[in-house]
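Going by the order they are written in, the chains are A, B, C and D; count residues from 1 in each one.
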Amino acid sequence: MLGWIGLSIGLLIGSALGAAVAFRADRSSLAIGTAGSILACVTGAAASIAALVSSLEESFLADWPLPIGEIHVGLDSLSAFFLACIFVISGLVTVYGAGYLRPYIGKRRLAPALTFFNLLVAAMVALVIARDGIFFLVAWEVMSFASFFLVTFENDREDVRRAGMTYLIASQLGVAFLFAMFALLGHSAGSFNFDSFAGNVPAGGSLAGICFLLAVVGFGTKAGFVPLHIWLPDAHPAAPSHVSALMSGVMIKMGIYGLLRTLLFLGSPPAWWGALLVGIGIVTGISGVLHALTQRDIKRLLAYSSVENIGIIALGLGVGIIGQSHGNGAVAFLGYAGALLHVFNHGLFKSLLFEGAGSVLHATGTRNIESLGGLYRHMPVTGLTFLAGSLAICGLPLFNGFASEWLVYLGAFQAGSGLPAAWGVTAIAAIPALALIGALAVACFVRAFGVVFLGESRTEAVTGAHEAGIAMRLPMIVTAVLCAVVGIWPAGALRLIAPAVQMFTHAAATTETLESLTAITRIASVLAGLVIVLVLARKVLLRGREVSQAPTWGCGYALPTPRMQYSAASFVEPLLRPFMALIPIRVRRDGPNGFFPVKATYEERLGDAAGERVLAPASRAFIQALSRVRIIQQGRIQLYLVYIAATLVILLVWQLAGVTGR
Amino acid sequence: MKDYADLLLLLVAVSNLYIVATSRLNSCVRASAIQGAALALLPLVLWTSGFNVQLFHLAVICAGTLAIKAIVIPILVSRAIREANVRREVDPSVSLHSSVLLAGLLMGISFWMSTVLVLPRPAPTMLLVPVAFATLLTGFLVLISRRQAITHVIGYLLIENGVFIFGQTLAREVPFAVELGILLDLLVGIFVMGIAINHISREFDHIDTELLSTLKD
Amino acid sequence: MVFAVLVAFPALLGLVALYTRNVRVALTLLLVGAGMHLLATGWLWTIPGGLELSWMFKLDVLGLLFLTLTSILFLAASLYSIPYLMHGTHGEQAAPHRFIPCLLWFLSCMSLVATTQHLALMWAAVEGTTLASAPLVYFYRRKSALEAAWKYLLLCSVGIALALLGTFFLGIAATASSQTHAGLSLSSLMSVAPTMAKPWLKAAFVLALVGYGTKMGLAPMHTWLPDTHSQAPSPVSALLSGALLNCAFLAILRFYQICIASGDAAFARTLLITMGIISIAVACAFMVRQRDYKRLFAYSSIENMGIMAVGVGLGGMAVYGAMFHAVSHSVCKAGLFFVAGNVLREFGTTRVSEVRGLTQRLPVSGVLLTILMLAIGGTPPFGPFWSEFIIFQTAIGSHPWLGIVFVTLLAIAFLGMGGVLLPMLQGSSSSPIQNRKESTLSVVTPLAMACGVLALGVYLPPVLSDLLHRAAGLLGG
Amino acid sequence: MLEIVIHIALLILFPPLLLGLINKTKSWFAGRTGPPLLQAYFDIAKLLRKGAVYSRTTTWVFRAGPIVSLGSVLSAGLILPLASNVAPLGFTGDVILFAYLLGLSRFFTMAAALDTGSAFEGMGASREAAFAVPAEPALFLSLAIVCIPAKAASFQAAWDALPWALWGGAHPAYLAAAIALFAVMLAENSRIPVDDPNTHLELTMIHEVMVLDHSGPDFAFILYGSAMKLFIIAALLVHVLLPIPEHLSWTGVILLCLGEAALAVLIGVVESVVARLRLTRVPQFLIGASVLAGIGLAIALYRGAA
């Protein structure tokens, strides 16, 4: 199977180069890039799913003179699972991207978009099969920079440039921690080979602990743990929508993969790692969805909800680790399974939602949901798929989001009853957190879907809206169907990922979970049946009676206008009131003043807590400190001579003080 | 004959003080010329005091030093002064009195240093090391506390002289071709600096290096 | 013979060139000199164990390494400087007739530094490089260039004077041992090193570190470096950064060899690490929000010199890393200065704020600048990544805190550089795009450098890595 | 088989009666005769026989609202044990599905409200969301309280493991759970003090204002659905409070019915004697309930551990 994976990497890189070479002819580079990526994704998806089903292990060591490290790749269930995610979602997104980029032809060079897109996919694949620290880092960095150049694709826009810079800073500071981790491991193990790590790091020791913390920070930056998430909400709106879909759907999961891989070679984890992850998950999930509620830029909203879902994944991991550390196979299985399944699910519905946002952006030219509304009638397919995505991301039954959250819940419940109280409490903390997150998510996506697609159109931006092209519609439909399938038949999905989960815990707890999941299928079908019955019932009841159309009942008000609809901001206002302490708010108001006020304006901006209360002040202080250092270079040659003399004296005194004592 | 050597070294020290003390550029140059001459004689005196070197080597070094340090360089510098019509006064950023005091202090420091850093093999004369240090430090003092480019050249010259005196302690370790090379470097260095000073005086109508501080961050 | 080609021949060519008024003839002389030099160097590679000729010339792997770097960079620089001398210098008053001779003398002095092991002679050669390159800095006849040249001349001469003192101290330290006169040649000094007088040895190394360190650009003696690099014409900046700083570093390494031979190099290593870290830190402070892109590259050179110093100071595997870094940095930085030259010619300014939309105006140079920026920033899979990672790994193993500081500073430096360069590359330039074709010569040299730095990253030829290992072996690596 | 039939019969037939009971109680307090006990049945029947008016603004989402919400409440009722400890579709982890089915119904009700494009309905949806957020943790925490001792997240196991809850005095935790569930019940079914079902000013409505535009069968479904929602949450509470036998028996049915009726009366009493809270105070009320449930959970955990 590795051969096939290698082939698809080759295809990706080859098509990337091809697209780059053909940079003068946009159409051909678009064709080359898309074709190569689709081919590679089909090949890779087939290979990785086959590997996952047969849960085979492979490894290959290339003989190639690198200064350090070696090109060592391998394939196991975990890799196969993530490969499947990468290939499936990337393939769908590629098709969408082909449709999304078409209007740019002639307006802007397309080659970079395609080249870096394929490079990004290739880098992620290489990352997942890497079995050597250095090779891993190389792939990681290529991934970061490819995505950076994709984010700054429309770099003539100021906000895009700023977002790119934020992303660059975040990813580079993050990778510094990974450098530190691998350097430490490589130093203690004498080699950068993952297998040698596994052997040489005493499990649960201080070294393992330090490495775990480094990994949490380093990988967490990419995954978007709060407060390291700060780059996400800037980068996603800046990037072209299909890139946002890929980044949010797949790339940030590479952080999760890294964390899982680290857990594998750091040996059996102590319980506090799990507690830490549960804590991170709670903070990340809640603050992510809270900030999502405050956004009016639909892609920012989606980005924040990615942060939220990463939080859910972290909760799952935390519960799993706590279970694993207490040798409670069932809890461990449920936690890890929930996390992994949610990785896949979130990949599906988040890419779907970003694609939907992309087609809305295409149709109306705006990302501000306050100026949208009533889009459903113009773009039914987008609307329907977006609704499916919203239901899925809220974790509501019939769709895949529910299955994974259900697993995490179940794990937490079991942990509460099966573990010593101290750790039980930590695991159980996940339950109310998930409940709160779920309720907030429902509010958030009712708002998003309702304000964008339902009701009357708030501005004329919508009037000219048109449904997206087939190349964009098709992937959305397929993804939505996949969401529904996994949601209605979760047992199959679980059976597929079980081998990956069992790398962490050898739990036979699968069977009971599986039959519960089949029960879910049963109930889902009952629900679907009930709905159909009711629909028919209504048809029957209404037969022969007059069904009339009328304007919406305005409670007696004669002339309702679209601008009188509830706006997105007013929708969340009462909901956010209890949480306002957590969200920095900037108010700008002028007037009404004077006896005959002319006009008055009032504006509220809800910012990002971590960004505005922690990171921004820190960076400002840092720049200040640097500018204080700069006074040493002030141009006067006498001063420079003083530096030389002073250095000489200081060093001489320092070195000779000891020696000449005798 | 040792006391002759000490005499020469004393002369060097005095010339240091004089360079620091005087307010006139030309006298600075003259003092440096005298110092150069003294340095040129130094190896000879040391040789007569039984510090044995090959005669040829000795002669070449003495002649070369005399020629370059006592004659050519002073001429170069004074020509630079003439052509670049600079003010004839040094304008120190530290007042002359205090710079004299500083020079005295530096002298003291260098005596102390010579007691700290003892030569593994006894030097031909006790004064050699302290005077060498003093000359070096005085060079730095001139470089740092004077504003004109010319005085910078002189400061550099003083530093070189200090190093030269040290060189005397191991005259025989260095093949004289190298020693000549060193002298040559010094010469060319001063020469290039002179040219630079010319350019400077043409570009900025005088050579106060305070003006040479536009490049900064 | 070969040493004559390396040292004397360029000097002679320089003399000839001084008296030819015709630029083309001078150029041919320059290219001939560079080519011959490269050929001679290549021939030296074929000789297994080094080469010795009298007390004057002695070549070991260390010398060979730096000689090769010098030779390659010089050829690249002279190719790149052809357009400078042929099609005028975009309006600015310049002195081309001094340019080529000084360049050639510069080459001969640097070759002498690499090929001699007599410390005093090496000192003379290093001083020679200063004197030969000062006129090059003053190529453009502007006040700022003159100021830069003056600072360069004075600061480096003073520093070098200290280095000479250090050399003498070494001789004095050697006299402690026995009645035999050790002389100042490396081998003999190393033989008597164990019996040297420690205080003098230490003082000698400190003096050499400060003296040659001034020339190498270690903070806080680096002050001349940004001025000079920003004022000199780009090919000269490339040579200064890529070749000259290495030569100064080589001089320090010679002293370090003696310290190793003397048995306790611990103090020298501490000194190297200290100065290195200080240099990196200072450079970082100036790279963030830098307003002048040539100064930016200059500061990045300071940073990389610091990295090498730290690497050598750490010892062990890191020395190999430092040697590797010397190579990759030279190649990368030269390429960066070449590209900077193109940018300067296109936009006519070194101010970052006035350069926008570079990838639109100069597609090739823009892409090259991007690649080289990533490379010098230590991103895989380019050369500097490996060297920096090796050094970092050794650091985190032996002094964890040092490693943390090191990697943090590197990250800051890279981000500072990106923060300055990306706005130049991105966006759309304010002035209308005149799609001027980029001249081949001005693009092919940086392209070659970029390919080189990439090649170093993805495939390290065994012969080179073997040389690096041997060189590191000389430095206790 | 019989169990299932009885379960479904109870689920289908009982709910509207609760509304009647509540209204009777309230009118008794008010000293009126009030509407007949079966009024709710009559209303639903009448509505089912009417035609429908749909707003031009709306899409199919508007029409899906009542149906999906009723369907999901029904299926929630199918996984919740009523007269015994077993439910037709119960399984391990059904408690989670139960809560999320209620969430699904809420999602569609709100979406339908937003679909009308009317300010009032938007307002109603916004308030619904605002109150659901603090209510959700309370619900889950109380579910956790009853599930932890059972060592399984399923109703059946929970009810099996349930001691003679409050009466046995075994677990003060259950008291907390019961109170929290009662608060949740009031909030979820828009009862005083959270919402006033028979207010006549749209600006003060919450649930009612969301469904303003529905008419005919759709509105019937909505009425029926909300009654059923009340019924199932009450059933949950009854199971916590009363010792319902494990297997189907008349005592179980009777206990359930009595319990439901008692709760309905209790609600009526509350609605008659308690004033409605200011909208801004409602979240505090529910957060209080969550905190209470959290304390209860802690107690349950440490009792379980000890």
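Simple rule for what comes next: contacts are C-beta pairs under 8 Å (C-beta built on N, C-alpha and C of every residue); 3 or more make two chains touch, one makes a residue touch a chain.
In this text, all values refer to a predicted model and were calculated from it rather than measured experimentally.
When C-beta pairs in contact are tallied for each pair of chains, A-D comes out on top.
Ranked by how close its mean Cα position lies to the mean of all protein Cα atoms, the top chain is A. The chain with its C-alpha centre at the largest distance from the centre of chain D is B. With centres defined as mean CA coordinates, chain C is found 31 Å away from chain B. Our note on geometry: chain A versus chain B, Cα centroid distance of 70 Å, whole angstroms.
Note: centroid distance chain A to chain C, computed from Cα atoms, is 44 Å. In whole angstrom, the spacing between the mean C-alpha positions of chain A and chain D is 36.
None of the residues of chain D touches two or more other chains.
Of all residues in chain B, those touching 2 or more other chains are 117, 143, 152, 209, 212-215, 217, listed in ascending order.
In chain A, the residues that reach two or more other chains under the touch definition are 630, 633, 637, 641, 656, 660. Chains touching one another form the pairs A-B, A-C, A-D, B-C.
Contact residues on chain C toward chain B in their complex (touch as defined above): 55, 118, 120-121, 123-124, 127-128, 130-131, 134-135, 138, 143-144, 146-151, 153-154, 157-158, 161-162, 164-165, 168-169, 171-176, 181-184, 197, 199-200, 203, 226-227, 230-231, 286, 290-291, 295. Partner chain D is touched in their complex by these residues of chain A: 373-374, 376-377, 383, 387, 391, 394-398, 402, 405-406, 409-410, 413-414, 416-418, 420-421, 424-425, 428, 431-432, 434-436, 438-440, 442-443, 445-447, 449-451, 454-456, 512, 515-516, 519-520, 522-523, 526-527, 530-531, 534-535, 537-538, 541-542, 545-555, 560, 562, 564-566, 570-575, 577-578.
Chain B contributes residues 117, 119-121, 136, 143, 149, 152, 156, 159-160, 162-163, 166-167, 169-170, 172-175, 178-179, 181-182, 184-185, 188-189, 192-193, 196, 199-200, 203-204, 209, 212-215, 217 to its touches with chain C in the complex. Chain A meets chain C in the complex at residues 64-68, 134, 137-138, 141-142, 145, 152, 155-156, 161, 164-165, 168-169, 172-173, 176, 179-180, 183-184, 186-187, 623, 626-627, 629-630, 632-633, 637, 640-641, 643-644, 646-648, 651-652, 655-656, 659-660. Residue ranges of chain A in contact with chain B, taken from their complex: 630, 633-638, 641-642, 645, 656, 660.
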